[in-house]
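Have a look at these structures, which come just after this line.
Look at the two complexes coming up: chain A is in both, with chain B in one and chain C in the other.
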Partner chain A sequence: MKIVGKSIRRVDGLAKVTGQARYPQDFYLEGMLYAKALRSRYSHALIKKINVSRARELEGVRAVLTAQDVPGRNLFGHMIADQPVLCQDKVRFRGDAVAVVAAESEEIAQEALSFIQVDYDPLPVVSDPRQALKPDAPRVHEKGNILTHYKIRKGDVEKAFQEAHLVIESNYRTPCVEHAYLQPESGIAYVEDTGDLVIIVATQCVYIDRHQIARSLGLPEEKVKVVLAETGGAFGGREDISVQILIGLLALKTGRPVKMTYSREESILSTAKRHPAYMRYKSGVDREGRLLAWEAEIIADTGAYASSGAAVVQNMAMYASGPYKVDNVKIDAYAVYTNNTFAGAMRAFGCPQVTFASEMQMNKLAAALGMDEYEFRRRNAMVGKSEFATGYLADVDNCQIVCLDEVVRLSNWKEKRYRQNKEAGKDRFYGIGIAAGFKNVGYGSGYVDSSSAEVELMPGKVRLKISAVDQGQGVETILCQIAAEELAISMENVEYTNPDTSVTPNAGSSSASRQTFNSGNAVRLACLDLKKNLQQLLDSRKWKRPPGYPGHTSYNWSNILQEFLSMEGETEGMASVIGRATYVPPPTTPLDPETGEGIPAYSFGFGAQVAEVVVDKRTGQVDLKKVYAAHDVGRAINPLQVEGQIEGGVVMGQGYALMEEIILKEGETLTPDLATFDIPTSLDVCDIESAILEVPDRHGPYGARGVGEMTTISTAPAIAAAVHDAVGVWIDELPVTAEKVVRALKEKEFQGKDVREETLPEKTLQEKDFQDQALREDKGIAHAPRRTTSHENWVIFKGDLNV
Partner chain B sequence: MFEFYQPSSLSELLHLLEEGIPDTCLLAGGTDLLVEYRSGARNISRLIRLAHLSELQDLKCEDGRIKLGAALTYRTVERSSLLREKVPFLVQAAQSIGSPQVRNLGTIGGNLVTASPAADLAPPLLVLEAQLTLKKKSSSREIPLSSFFMGPKRTLLDPQEVVTEISFALPPENCYQIFYKLGQRNAMAISIASLAALGQAQRGFLTGIKIAVGSVAPTPLRLFHTEGLLQGERLTQALLKEANRRAQEEISPISDIRGSVEYRREIVGVLLERALSEIAGEVL
Partner chain C sequence: MPRVTQRSIKFKMYFQRKGSKEALFREISFRLNGEPVRVRVRSDQRLIDLLRDTLGLRGTKEGCGRGDCGSCTVILNGLAVTSCLVLAATVEGAEILTVESLFRNGRLDPLQEAFLEKGAVQCGYCTPGLLMSAKALLLENPHPSLEEIKIAVSGNLCRCTGYKKIFEAIQLAAER
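Up next is the complex of A and B:
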């Protein structure tokens, strides 16, 4: 293949680095108004009265709207619509919008907010999901606080725990975190002469947005046009509606273009977060280190509104027992409403939480068994035809094994793990840790997961029409590569059409690591259709032979295509030729409500990571030195972009592991900005060495599967394991802050144990533990080509950039 | 809305201040002021920009004293070869602040006038026994930095006054200069605790010991009592323990999102121990 598999430079790169790319903030339309929303003063309250008359009188104010001005359904939500566009009688969290203003300037709009009088009747607040489960807890919604309860029942856990050689039980907690994309929410709306409403916005799916906008504004969908602006990061956070409906409403009321841009504080306050989770895990193994039983109770705080919380928590249930063979599984996962900022989709959709817990369990079990952590995982990994916890039987090849093997080879695990002297300076200790993980590609769980593409051959170029959003992950380049490959043309001949509901067909959202897989297949199929149509054109003899063309006999679709491409500009009377296709992936099903049986997904992405740290035993500071990450992507369509996804995922995992936490007190955010919600800076990011593995997927384009999310799920448990290796304490609660390390060390000291005592397994590793040739031969497992990349030669620039 | 002035001389500035308009604010780097203003926490009726006042940009060494204009940016401090040579720990503290963008704007005078308990420059300037020159139209006074801070965001500064200069005597040649900052990350971090120390060990006896801490009291704090205990003593495990106990009495940390009282107390002990061990040249 000429183009697929090559690290082609991003097609959108030049415009972005030269400032030509237009983000929603960059649009200025004539007569444009600026919008601001008034957010709730309470975490939970009844609204008695709203008086906007003084705000309306302010000079420069063009509209002040409240719930009664919403013409359609005053509710929206990514999967379940229970969030008011503008609250009428009740507020459920601090980010709730109560009124919205459009004014001639941002300053006037801001000022107008202070003239809106809202009388509230405060209600008791529930901000801990465990409290919210109690029968006498304040009710966030009429129907009660449990949004969903997913169950998985397989085998007999009670019996298996009784028979187990060893059982480990622990409680884990993961924090609420923010996506922290570079570009805050922003959009612009205007009404066309035809009466159609146009919304230009940064989003993850123009079609899902259109559906929700039309529904709340009481318009037929065809009267709403959603156009994508450049999208500066998303990570799941732009699956939900933010400014879209509000600006649409104001544009319809005022007849003027309206722009709304959130401040960082508003973005953190009012948009979806990653679900904080409380998780009780219990796992049992036999004497040989084979997993017998796995039990988990997961309570996830979904905040004030449903968003995609039900699906996130379903994912937690499905992946709670990790990529391992276990015959006895019992999972209970609850999504619980509270008065906190609502939680929704965020990179890896429920998997970072449960992977932290399950991989901690794996490392604790290995330590208790005196078995090497890598070998223990290898022994239990799903290989070949495997039965999932949901009873689903699927061939997962040896993907997990190749990732484990590669990361162990790359990191020189065998030697480093058993290094006798771990001192790294005064009070400083070296540690190394490993974790694996897997996640679904595509929505799965019975959701419609198709993607449609159109490829249009025109004079001089091939135009690719598909609504796949490039939020920075690089799907635009991937799809252009696939079109160029399929049509045997150069990248320069392919033009990507900006997603627009009136122009480009529905590709579904850029989430669930699905676009390369689903839209990649759709583009491939559309190219096949184009070739077929070209050939038909030739066969019908309607093709007008260009003058001077040598022979007729060698004419085929490729010749015609080249003829088209060599033409300059529009040629009179020349119609374009179009190829269209919709790719529908293999079917999945929702989980059975009682047993959890079902088909969770049609493709899975596996990975394994090793982290190296140095821990200061006195201050508790964890210095992350290096992460090795091996990920099986089936086929790297653009290896450089895969490397980018791995590095980005690891850095996000590093933040989750060591510092990030949105702290909420009685529903109020105590970390409202990026000065208090710490994410890793360029001086914190560690060295990352990645390995791209390619065990082909059965259905993905060229064997490719998704990679966007899997790269972030194993980092935190690998780091926590490394901390344990360094100083001998398990930190069961993320983030692993310096203070928690010190506290754990003190508790351990108090218990009179030498903190170094437990770090080394009793059994040292034998060479044979690393060679499981029989396994490979038995399964006739595909050879996995390997690519590795390293930044070891890079100069780490620690000074200033403006010398 | 506010009036905006950009005086071209110190006397113009002092004249503007003399008018005593309530909510007059001085804009140096603006890295604190503008953030507060944007959040609605600060009223400004008159904003006076200091950027063009050459009188506030001095950086010199005279008669064994270093004199720094209050409007010098952190960046200038970082790049000064004089300061790098004479007071490397002050340079280190300046480098630990924010990001390059913040350091290009923020000023040393601003760092002190903001009076944050976490002000990174305060601990090294406290142990250097820095003097501040405070000027108003009719008078001028010099006060030690250690009596300048009144509480969180509160100082001795009169509304009609401006800090024009920060000066300190050169520390002895073979004196250890130590600055430690503990934050959640390596840049853009507000310290959980910080410590600066000066001192040396002569034939094993500690002399000229000066210690100051940040983020563990309502203001940056010089640990006079702890210093008194250490002066002229030989560093032993028992003395270290006692010094830590004394330091614990002097500090009064709070719990916030960055750390608890217990952790801050613990860390001050560790940083103190490390600083003293370094000065004494022995690992205890």
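Up next is the complex of A and C:
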């Protein structure tokens, strides 16, 4: 291979380093208006009356619209449409839009908002999903607060727990976090002379957006054109509609271009989050350390609207038992509505939550068994033809094992783990921890997952048309590499056409780590089609061989291609030759509602990470020193970009593990900016050593799997395990803040034990903290100490323990 | 001259943006990317808006508007500052460099070249700000240590790359 497998520079890199790349913010159209939305004042309330007349009278205001002005369905949603474009009679969270203004300047639009009068009738707020499950809880939606309840039933867990040598039960909690892509939501809309509505926006899929926009604006889809602007990060957060419908509505009403850009606060307040989850896990092993039974109850806060919540929670159920062989599994996963900011897709789609819990379980089990954590995982890892918890039988090769082996080799685990002296200065202790993790590539679960591509050979270049969105991950470069490889031409000859629903075919969304896999295959197939068409052209004798070519045999499709490429610009009378293809991946199915049986996915990505920390016992401060990450990507089409995905994913995992939390109180966001919602900075990050492994996938292009999401899954549990190794406490609640570490150490001390000697999780009952309401007793600020209910584990020992 | 980082020059100036009719105007001159500029600014206009809206230099990005993210970093009299927290009217007589200054006559700055080579760019939204922080560092300290690099870009958030490749790129540019 000449181009696939090479660390080619990004094709969009030049525009980005010179400041010429055009994000939606950078579009300035003649005569454009600026839009601002009025957000709800309450987390839950009925709207009695909205009076916009004073706002309309303000000089420079061109439109003030409310629910009545929405011509189509006043609902949207990525998978289930239950979110109003503009709320009519009820608001369900603080980010709900009640009215929207277009004015000559941003300042006037902002000012106009204060002239809109809304009379609310506040309703009781439900902000804890465990409370929302109760029958008498306030109802967020008519149909009740349970969005979905997924079940997985395999074997007989009760019996297996009775037979188990050792059972560990714990509660875990993971926080609400924000994607925090650097580019806030923005878009610009205008109406063309033909009457078509054009929306230029940063998104993850132009086609899914178009569908929702057209539905709400009451337009046929062909009358709406969604054009991709440069997208400044997405991580799942741009799967949902943000500004699109509002600006479309205003452009149609005013006849002028309308631009809307969210402030960072509005972005944090009103767009999707990662589902916070409350998880009760119970796992049993036999004497040899083989997993016998696995039970989990997961309550995920999906906030005010469905978004992709149902699918995220389905994923949580599917991957709740990790990449391990277990014969007896019982999972219950609930997605529950509350009056919090809605939760949707975020990098790794439900897996970071359940993987944190399941890998913590694995580490606790290993500790209780006195087994090496790596050996314990290796013993239980799925290898070859394996049966998933959903009953699905698939060949997963030895992917998980090679990742574990590699990360252990890379990190020198065997020596560091058993280092005798762990002191690293006064009150400071060194610790090391390991975690594994896997995730589906592609939507799976029965969702349509195809991708279509078109390659057009024209004078001077090959134009690649496909709606795959590059949100920064580099899919544009990957697809150009694949096209160049297949057609045996150089990268410079391939031109990537900007995704635009009127020009490029549907490639599905840039999510689920699927673009390299699905669109990569689509581009390969389209190239094959192009070659076939060129050959036909030759065979049909429509193509005249240039004089001087003697033999018939040596002249083939690639000669025609080269001739096209050597032509300059628009050569007269030259039509182009086109290759088209749609790739449809192997079928999957949704979970059976009662048993959870089903085919979760057609491809998986695996990884394992080791984290090294130094913990200050006095302050509780956790310093992440180094992360080793081994990921099986099937085939690295661009190793430099794979490394970028690993490093970015690890740092996002680090933020999840140690720093990030969107704090909500009665539905109100108390961390609405990047000063209170901390993401890792250059001073927080540690060194990362990555290993790219290549166990080819059966269906992926050149064997490639996905990688974007898998890299962020196992970081948090690896760090939590390292903290335990350092100071002997399990922190079961993310993020692992200094306060939690200190509290856990204090409690341990209180029990009169020396934490350094402690190797087994302590024996305490847990039931109460699952029902415990008190989430945030403090009045609000990000770093105020919070009451935590972590590190309460319940260990049931049977027989003797040979530690 | 002490080295100044983003975080240490948070001009905590929270000003009210009012309707344009009430604003006062003032004419100022300064040097922008080496060229003299004379322009009328509103008294409440931020430097980032002057650059982007009035002067059409859109390489400078806004990610938060309150000094937290560093996407809007430009070099003001040799120092990297967050242009969302600088009032335009205060740059009278100043020397300002934006990301557009790095690409001259079709030639990339060594930093830009290194960012591309090392894979330090993903979504690219943080990139102009990071380049300017790095440029300010190298102008003052051509051979920074890794620690110095980390401090210099500590006010520039990047959500995509995990920073490692950014450090490597800056080191590489410094070597050249």
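Here are some notes:
We take it that the second predicted complex is superposed on the first by the 749 of 803 C-alpha atoms of A that agree within 3 Å, B and C clash if a C-alpha of one lies under 4 Å from a C-alpha of the other, contacts with A are read in each partner's own complex, and residues count from 1 in each chain.
The definition used in the following text is that a contact is a pair of C-beta atoms (placed from the backbone, for glycine too) under 8 Å apart; a residue touches a chain by one contact, two chains touch by 3 or more.
Keep in mind that this is a model prediction, so the values were computed, not measured.
Within the superposed three-chain model, A:G232 lies in touch with chain C and out of touch with chain B [touch as defined at top]. Judged by the number of chain A residues each one touches, C leads among chain B and chain C. Contacts of A:S53 after superposition: neither chain B nor chain C is touched. Once the two complexes are laid over each other on the shared chain, residue contacts for A:A675 go to chain B and to chain C alike. By the touch criterion stated above, A:N171 is placed in contact with neither chain B nor chain C.
Of the two partner chains placed by superposition, only chain B is touched by A:K426; chain C is not. Residue contacts after overlaying the shared chain place A:E647 against chain C, while chain B stays out of touching range.
By the touch criterion defined above, A:E739 reaches chain B but does not reach chain C. In the superposed model, A:L683 makes contact with both chain B and chain C.
Shared contact residues of chain A, touching chain B in one structure and chain C in the other: 675, 680-683. Those residues of chain B lying in contact with chain A across their complex are 75, 99-100, 103-104, 182, 184-190, 192, 257, 259-260, 262-263, 266-267, 270, 283. Only residues 7, 9-10, 12-23, 25-26, 28, 59-60, 105-108, 110-111, 179-184, 230-235, 263-264, 471-474, 640-641, 643-644, 647-652, 673-675, 679-683, 685, 687-688 of chain A touch chain C when the two sit together in their complex.
Of all residues in chain A, those touching chain B in their complex are 426, 618-619, 621, 659, 663, 670-671, 675-676, 678, 680-684, 737-739, 742-743, 800-802.
Remark: chain C residues 17-21, 52-53, 56-66, 68-69, 71, 98-100, 102-103, 108, 112, 115-117, 119, 121-128, 131, 149-151, 153-167 touch chain A in the complex.
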